[in-house]
Structures are given as structure tokens and as C-alpha cells.
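Two complexes come next, and they have one chain in common, subunit A, joined by subunit B in the first and subunit C in the second.
And then the complex of A and B:
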């Protein structure tokens, strides 16, 4: 039985366990129909031209984890940003781990999706926001159909979250292959501010497929900083769908750091439903082995006077493949839009490849839109310069790569996150730079 | 004159009918509508083609039958009914003329309206004309001069008869019969086109030029052009089009194949000004063209195009950089106005070492038109030191048009250097104000700015074309700026 049939047939069992009366029930039933009709995307679809899911779909994933697994804090400490005080929402094989988490209901809600879906007091918020930003494509629909657990963050009007929030998904690999479908909902009300760090981590080499959906709503003048750290094991695959619905004068930024995993697909979508909105999408990708990362971004400029900034850097070694597919749509009404997109890539191995497709679709005339895209190598003369001054070649190369990704790192607003990223990059490149950027 | 306002300009543009629209009634020898194997055979027979050519056409036809019309392009149009098209039409009196006196006088009048007097052309600038009216070439000039150098420049149907070896060797090598839907259709039913062969080491002394005209209601044109530049030769080839104005949509699916052997250079320039449909978007030509060139070692192919006409354009002149050190260039200006839709760009396929390609694309959209750039730069794993530079700029006039960019970049070699940049903007009010201040009226200012915007491409056109192209730009855009 292939994965699609398995998922469709297990939906009934899943749905029987939960409240049939609820609003979400209807949404889920609709969604499974969409998935059943469309199935998993294939390379024939334009948006999946360069990414094939075949290799990861053939595994026999267990869709519902059978047992609850526990982890000790010291074993997983290294995957947390533990240097600072944060709220933590930790999941182990898709199940909430109260032992590792630190949630709150004091002044704001940093808690669980399952609670939000089931408790009557959250009903209004759920009905207003749940599945309202997410697109109706097959993978997102699949997640919607099975949505039961994930992070639920609600920051009320005029609140600045006192510390960053970490959302971490561990998979223990206690079952031979696991499929996880976390669903996050983040609502940031007027004039509020929140910083969120998200990470998916597999602890063994058993295959894991994560199909995650995150919906973020930034109301008027809200500020959201979102950091995604993707540094998983060689058999972990991630399909990350993020939808950000912005209202006027809000500022949202998403930084994606992709350093590992078998196949990573980031579908990052920004919808600007108001004037004077600012959106930032940045990413650093450093890959080796046979890894594959696909960044698929969309910025939809709907109203006038908005800005968007995109900057993606990629370094590809070994047999790695990178894909960047960035789309900017500027609607007719969205005059005075400033939209920038840049995608720079370095290939450091003969077998690595990069496919990039930056797209502009513009229907308004008074706009400033540009995109740039380069593929190149490390500068030989710069390498020589450093080598002639006693810096070993390996370090010199690493320095150049650091410099290359610095544009993205410099806008990370949590210093500890920046340090962590630096450390991962240094590990990845096998050097010790001895300073922070 | 009182103040000439933008509204006046807009009004003038709206009422401006297609200047070159007219229709000459020449008695035509037209096939019944529809397409099947018999029609393909009949076309081949009519052209007195050898057996292998008929077979080749039939192969293409059979492949075409299996294919479906592509839908990926960013254009929307009513699909042509391929069974409602007549696939062959030729001017009735078609003896091979020795002098102009023998040519049908009505046809000559057509040329005159288009401003091409053959006599004048003969005297002018050394441009040899292979004039195609409804698919059959009726007059060829300067053949003799060319023949002295060993250059073969004739219609493809003549070439099939006179130089079967060359045609057989090269036709379909760059654009195979099964390449795509329209190429297959063209391969099956192509009626005529130009054939050009430049022998080894010869530098073609003049710009070769073909004027295409669509001149029979309901006749789709399927031109086939094959240009072969043998080792170390050079040729500059010009193609230009104007078409009669009419309501019925016309289909044009041409195939152009360029082959540049070692050290050869081909420069292929196009000015396309087919009827774009009237102000309501009615009528107009559908232009679905497959153009591709193959570069052997050290060869160079340069495409330059100025696209101002057609209701729907679907065109990607491409270069396959097969040989080491070969160079591909693509310079394009695409102007769309009213309801025109253009989806155009290029493909640069880097296969050889040290190959270079340059893409400069300028899109100008006005009215309610949609203008897309779609390009592919592909560097294969064996293409060491491949280099590409792409620049796509779009200019928007008015808020009802759209500009789109779909660049595909695929690199499989670490020594590849690829740059792509694209911008979209409008003509700045400050720029116009600056011109106005200095006594240049708005319309002239726009022409000036558009010309500046397109200069990089216009500069690449041969002299004769550059002037025409500049004029075309002005005509196409007059008054379309708010």
C-alpha cells in the first residue's frame, strides 16, 4: 500500500478519535478530500520541477506514533538554545513533552495546538484563524487533515513577549520510519512583538518525514522574528510550509538556516494584506553529501507602499543539489511597492548542482522591483591573498564562505542564535574561526 | 495647437489603425481546410519533393498527432482549430521570374505599399531580397553576386531540389521533428522558407534578408529557415515581417535552424511587426516560433529581435553551445500594447568548455498587455568555465499591463559563473519633467527614454534595421504613457 492510500485510510481512524462536532472537523474533512484528489506532487508540476519526492515516499512510515518516548534534558540540550531563558514547546515523535517544555498562559498563550483545538475558550481564535492563511495545495491539505498537535502562540494586543519561544520537534527513531505532521498557529495581535525559533531534529538515522505547516498572523504594527534551524540527520526529510498573513504596518522576517537533512523543501509564503508592510526572507544554505534543499518562496504584494527583501545564499558541495524558486507577485493596486530579491550561490564540487528560478510577476507600474541571481566560485585571488599571509587554505575558504553568508547572519536579532549558527557553520566547514561575525 | 494632453495621446493611440494593414487580392491556389496524411503528401507533391522529404514530413505529422498543445506559457488565447486551417496557399502565377517585368503587377503593388521596391532594393545598400508572399518565393535578387562566392541563398523548396545532400544532412538536426508541438506541425506542413549556405571561409558580402508576408485569409504560415555557416564563414541574416490587417486570427508557426560550424559566425536579426489585433484585442497574428542555433567549436551565434507585433507571441531563440569556446548572444526588445501578449526569451545550453552567453532582454508593456521573459541558462557538468550574463529589464506604462520574468538557471559545474539580474520600473515622472523643462514635449520625451532604454539592443541591429526598429518602437508606443 503506498503512502497516499495509507494516509487516506488512516484518516477515518484518526477522525474517530477526535471531536466530530467541532469546526475543525469540517476543515479536516475538506482537506483530506483535496489531498485524495491531488496526491503527492510530482516533478510534472511546475513548482516541483526540480524536487522529486519519490525517494522519500517509498519508506513505510508509521503515521501515528505508537508509544510515548521520553528524552532526558541533558541528551538534547545541545539542540536547544540553552544559553538564554526561553519558552520551550518540545515534541517527541509528535507528542508533547511536558518534561522538556516551558509554556505559559500568563499574559499570553504559549501552549499546545491540541489544547487550542479542543478547549472551548480558544474556539473563537481557532475559527478566526485556523487554516485561513494556508494554501490549498496537496501537502498543506494533508497536514490540515491530520492537524492535531503543534505550537499555539497567541500574543495579545500591545504585548512584547518577554523571551523568545523555541519550538522543537525531536524524533527518536524508535520506530523504523516515522511521519510527523506538526501544525503551528501563531497570532500576534496589534502592536505586539515576538521572536520564535523552530527546529526539527532527528536523533537516529531512521528515516523521518516531517510535513509541517505554520500559519502566522501579524496584525497591525506587529513584529515577528522567526528563525528556522535545519540541521538534521542524513535520513530526515522536511517539508516546511509557512504562511504569513500580514496586516498593515506589520514587520515580519523569516530566516532559514539549512545545513542538513536528506531533503528539505521550504514553502515560505508572505501575503501582504495592508499598506506599509515590511517582509524579510533570508536564508543561508550550506550543503554537502547528497542533500537537497529547495527554497520555494512567494511574496504577494496586494496593497500599496509595501516592501519585501529577500536574500538567499547557498554553498553546495559533494553531490548536493540546491533549488531556489522565488516568486514575487505585485498586484495592480500595489503601487509604490519595493521588492528586492537576491539569490547567490557557490558551487564547490563538480557534482553539486543548483537550479534557480527567480520570478517576477508585476501588474502595477509604479514599482521598484529587482531580482538578481548569481552562481560562481570562491575568488581565487582572495584565497591566494590569505594563503600568502599564512592562513591555511581550508580556513581561508571558510572565511570567504562566512563573508559570503554574512549579509544574512547580520540581520539575526538574537545574539545567541547567531552564535549557534556560527558554530554550526564552523562545524560544517570543519574549521575553528575563533571570532563571531 | 492647444495643449496636447495625455488624454489626446491616448485617444490618438486608440484610433491609430495598423498602418501597414491592407489586403491584396491575388488569385491563390489554396488547399481545402484541414490536416491529414493526404494533405501532407499533397503539399510534398505540390512542391515536387523527393521521396525522403515526404517521408520526413509524414514522420513529423505522425509525431504531431500524438502531441498536445503546450499550455505552460504565460499567454491566454483561443486555441486555433488546426482542422480549420488551409495548409497550403501559393500565389497563382508562379513561374520562376527572370526579371521584375514578369511579376504579377498586383504583387508588385503590394511591395510598393510596403515600401519595398525591388529595383530600389537592388541599388540600395547591397541587400539581397528573397521575398516570400504566402509561402512561395517569387523573386530573388542578387543571387548572381552571391553565387560567385559559392553562397547558396534560395527558397528551401528549391534547395530540396537543387542541394538535397545539404538539406538532408542538416534539416531537423537542431530542431528535431518531435521537438515540440509547433515544430512538429511545421515539419509536417512547412510550405516554404529560406535556405542559406555559406561555404568555408567565406564572409558573406551583404546582409541576407527575407521579408515574410502573410497574405491570404485563413492561411497559416509555416516557414522553415535553415542557415548553415560552414567553417570560418560569416553571415548576417535579416528577417522582417508585416502582415495585412484582418479580424480572423492567423497562425504562424515557423522553425528557424542555424548551424554554425567551427569558427563560423551567424548574426540573425528579426524585426517582427505582425498585426497585433485592434484596440479591443480582436484579430491579430498568433506567433509560435521555434528558433534554435547550434554552435560548434569557436563558433558564435547572435540573435537580435525586435518584437512589436502579433497578438500572441511565443518565441525563444536559443543557442546550443556544443563546441568549446563557442559564444551565444541574445538581444531582444519586446513591446506589447493594447491586448498583446508576449512570452519570449531564450535558452542558452552550455555543453562545451569555455562557452559564453549574454542575454539582454528589454520588455516594454503598455495598454492592457502582458509581457513575459522566460529564459533558461543551463550549464552541463562537462562545461568547464561556462560564463553567462543575463539582464532583463521591464518598463511598465500604465497600471493595466503586466511584466513577468521567469528565468530558469541550472548549473551542474562548479566553474560556472552565472549572473542574472532583472528590474522592473516605469518611466520616471522626474525624467519626463526634465525633458519637458527643456522644451521636449511628453511624447518625444517618452520616445527618447524608450530609445535609451532599448539602446543596448538597438545597437546590435544592422543599420537598415535599426532605423526601422526605432520607428516601430515609436509607433507602437505613441501616447501610451500616463
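And then the complex of A and C:
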């Protein structure tokens, strides 16, 4: 049985475990039909032209976790930003770990999706927001159909979250292959502010496929900073579908750091439903071996006087491959839009490749839109210059690559996150130098 | 200190240096002059260890050791410094961090601990004052958007930080106005001692009014065709290079 059939038939088993009378289940039932009809995307679709899921779909994934697996804090500490106090929502093989988590209901809700879906007091929020930003494409629909667990974050009006929130998914490799479908809902009400760090981490080399959906709603003048740390093991693949629905004068930024994993697909979508909205999409990708990343971004400018800033840097070695597909739509009403997009890449091996494709659809006539993409190599003359000052070639290369990424790193607002990223980069490049530029 | 014998070098199969002999002793200042295309910059790149240049014959010894097989950074660790004719812009790396990395990598290579941050800052302050460099300048990206004069001053600042045994100044005077020239030359002179040596590569004599050479060599068509004292530089300034070419061809 192929994975699609397996998933469709396991939906019946899933229905035995959930409340089929609920509002959410109506949404799920619609979604499984969409997935059944569309199936997994193939390279025939324009949006998947350079990314094939074939190699990861052939595994025999366990689609429901069979048992609860305990992990101790000391075993996974390295994957958490532990230098600062944070709220943590931690999942092990898709199941919530109260042992590793630190949630709250004090002044805001930082808790579980399963609780939000089942408890009556969350019903209004769920009915207002659940699946309202998510698109109806096949992978998102697949997640919607099985949505039952993930992070639920609700920051009420006029609240500044007192510490960052980490959402971490561990997979233990207890099954020979695991499929996970976390579903996160984040609602940040008027004048509120939150910082979120998300990570998916496999603890073994057993295959893992994560098809994650995150919906974020930033109400009027809300601020959200979101950091995705993608540094998974060699057989872990991630399809991340993130939808951000912004209201007027809100500010949202997503930084995506892609340093590891087998296949990473980031579908990052911003919808600007109001005036004077600011959206930032930034990423640093450093991959080697046969790793593959596909950044598929959409910024939809719907109303006037909004801005978007996209800056993606990629460094590809060995046989690594990358895709950047950045779409900006400026509707006719969205006058005075400022939309910027830049995608710069360095190929450090002859066998690495990158496909970059900006797509601008502009229907307004008074806008500033710019896009630029570059693909290059490390500057040999700069390397010799640095070597002549006593910096060995390996360190010189690392410094150049770090400097290349620095524009993106400089806008990370949590210093400990930046330090962690620096450390991962230094490890990845095999050098022991401080990058405090 | 530096001993070059019968040095032949080529780049991309094209022979550029055709038998150079040069000996530089501690405490000496040598000037290498010559018309464009005579091989001056190639000579400096070959001494510093640029990979694209292939030594086809002859030897380069530094303090009695054959350095031909050493990588550029290893030569730097031994105390060879090249001030670039065209310093490379490195966006995203500040002058301060670049120097910190360079000094600590050199220390690492010698088995020393990293320099404490306090000492590093003190050293940077001291040396930037010597070159009359504004502190703000040090936090800018290396050479990015620097004027020609700023770039050259920054080269000598780096030299002051690294305290090399042998400094090769490749066309350091080009692009400098008279004030910058004076500052740069003053910096070089203050760093001079009986234990180190300077090789000044220049097309014109004017820098040599400030950094006075003990020996002047004329490079033509990949060979040193004439050597003398500082009076030779004046003669070249007056008469140009044509008489040398004629002498060689005669």
C-alpha cells in the first residue's frame, strides 16, 4: 500500500479516537477529501518542479505514535535554547511531554492544541481561526485532516509575552520510520508581542517525515518574531507550511535557518489584510552532502501602504541542491507598496546547484518592488588576502561564508538564538572561531 | 632574511619572472622600481604565496628556510607581510574582527593562547592612533567603500598590528594624496627597526623621499637589470625608464 492509501485508510481509525461531532472534525473531513483527490504533489506541478518527494514517500511510515517515549531533559538540553528562561512546548514522537514542557495559562495561553480543540472554553477562538489562514493545497489538507496535536498560543490584547516560547518536536526513532503532522495555532491579539522558536529534531538516523502546519494571526499592531531552526539528522525530512494572516499595522518576521535534514520544504505565506503592515522573511541555508532545501515564499499585498522584506542567503556544498521560489502579489488596491526580495547564493562545489525564481505579479501602478538574485562562488582574491594576514584557508572560507550570511543574522532579536546559530554555523563549517563581527 | 635566487615564475603558463636574484638583510630597506608590466606585483605575490603563481625554477628562502611549499598563511605566520596594491573588500567582516581573527590565528599557529580582549583593544587603539585612523572606521566592513587612501592606510595599520619581519609594500603610494602619503610613510618608519626589513615596490620615486631605501633595484621584463643606491631612484625619476631599456637591449 502506498503512503497516500495508507493515510486515507487510517483516517477511519483516526475518527475512532476523536470527537466526530465537533466543528473541527467537519473541517478535517473536508480536508481528507481534498487530499484524497489531489494526492502528494509531483514535479509536474509548477510549484514542485525542482523538488521531488518520491524518495521520502517510499518509506513505510508509522502514522500514529504507538507508545509514549520518555526523554530526560539532559538528553535533549542541547537542542533547546537553555541559556534563557522560556516557555517550552515539547512533543516526543508527536505526543505532548509534560515532563519537558513549561506551559502557562496565566495572562495568556501557551499550551496544547489537543486541549484547545477539545475544551469548550477555546471553542470560539478555534471556530474563528482554525484553518482560516491555511491554504487548501494537498499537504496542508493532509495535515488538517489529521490535526490533533501541536502548540496553541493565544496572547490576549495588550500583552507582551514575558519570555520567548519554544516549540520543539523530538522523534526518538523507536519506530523504523515515523510520520508526524504537528498543527500549531498562534493568535496574537491587538498590541501584543511574542517571540517564538521552533525546532524539529530527530534523535536517530531512522527516517522521519514531518508535515507541519502553523497558522499565525497578528491582529492590529501586534508584533511576532518567529525563528525556525532546521538542523535535523540525515534521514529526517520536513515540509513546513506556515501561514501568517496580518491585520493592519502589525509586524511579523520569520527567520528560517536551514542547516540539516534530508529534504526541507518551507512553504511560507504572508497575507497582508490591512494597511501599514510590515512583513519580514529571512533565511540562511548552509547545506552539504545530498541535502535539499526548497524555500517557497508568498507575500500577498492586499491593501495600501504596506512593506515586505525578503532576504535569503544560501551556501551549497557537495551535492546539495537548493530552490528559492519567491512570489510577490501586489493587488490593484495595494498602492504605495514597498516590496523587496533578494536571494543570494554561493556554490562551493561543482556538483551543488541552486534554482532561484522570483515571481512578481503587480497589479497596482504606484509601488516600489525590487528583486535580485545572485549565484556565485567564494571570492578567491578575498581568500588570498585573508591568508596573507595569517588566517588559514578553512577559517578564511568560514569567515567569508559567515559574513555573507551576516545581514540575515544581524536582525535576529534574541541574542541567545543568534549565539546558537553562530555555534551551529561554526560546527557546520568545522572551525573554531568566534563570529562576533 | 630573504634570499631569492634565479627565481622563475609563471601564471597560466605565461612566464613573468625570468631569473630574479635578491637578498634582503635585517634592518634594510629595498626599493624595487620598474615600468608597468615588468613583474613587480608578480614578485610580491610569489613571495607572499599566491597559489595561482607557479615557481618554475629557482628558490625563495626566508630566514634560511625554503618557503616555496608553504601556504600563504604559513608565510604570514613566519613574519612575511604584503601590503596589497588593491586591497580586497570583504563585506560583513569588520576591520576589528578581521584583525582579531588574524592575530589569534597567528598565535594559534605558534602554540600561543588567544590574546585577551583587553590587550587586543589596547593594541588596536595604539596602532590606529599611529596611522591617524578614526575609531569609527574600525567597525566598518573591511575595505568596503573605503577611499583609495583609506585602504592603503588600513594596510599599514594591519602591518602595525601584525609586526612582520619582512614587509612588502606593493604600490602603497598609488592613490594617496600628499597628507595620506606622509601618514603612511611615517607609520612605516616608526615600525622600522634593525631586526625587520621593508621592500618598497613602486613606479615612482616620491614615496622614497619619505621611506628612504638602502638599495634600489630596477625590474625590467622579469629580471633585475640594475641595482644601486637611492640616487638611482632620482635618476629614474628624471630620465624615465627608457634609458634602462636601451642599456639592457644594447
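The criterion applied here is as follows: the second predicted complex is superposed on the first by the 435 of 437 C-alpha atoms of A that agree within 3 Å, B and C clash if a C-alpha of one lies under 4 Å from a C-alpha of the other, contacts with A are read in each partner's own complex, and residues count from 1 in each chain.
Operating definition for what follows: a residue touches a chain if its C-beta (ideal position, glycine included) is under 8 Å from a C-beta of that chain, and two chains touch if they have at least 3 such contacts.
Everything numeric in this text was worked out from a predicted model, so none of it was measured.
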### Task
Please indicate which partner A:37 is in contact with in the superposed arrangement: first for subunit B, second for subunit C, both, or neither.
neither
### Query
Should A:78 be classified as contacting the first partner (subunit B), the second (subunit C), both, or neither?
neither
### Message
Let me test your reading of the model: by the given contact rule, A:404 touches which partner, first (subunit B), second (subunit C), both or neither?
### Response
second
### Message
Looking at A:332 after the superposition, I want to know if it touches subunit B, subunit C, both of them or none. Which is it: first, second, both, neither?
### Response
first
### Query
Is the number of subunit A residues in contact higher for subunit B or for subunit C?
B
#### Entry: First (subunit B), second (subunit C), both or neither touched by A:106
neither
### Task
Mind working out whether A:386 is in touch with subunit B, subunit C, both or neither, as first, second, both or neither?
second
### Query
Taking the complex as given, what residues does subunit A use to touch subunit B?
46, 332, 335, 345, 347-377
### subunit C contact footprint on subunit A (complex, rising order)
379, 381-382, 384-393, 395-396, 399-400, 402-404, 406-407, 433, 436-437
### Summary
Residue positions on subunit C within touch of subunit A in the complex are 48-51, 71-73, 75-77, 81-82, 84, 87-94, 97-98, 101-106, 109, 141, 158, 162
### Message
Taking the touch rule as given, give the residues of subunit B at its contact with subunit A in the complex, in rising order.
### Response
72, 379, 381, 394, 396-426
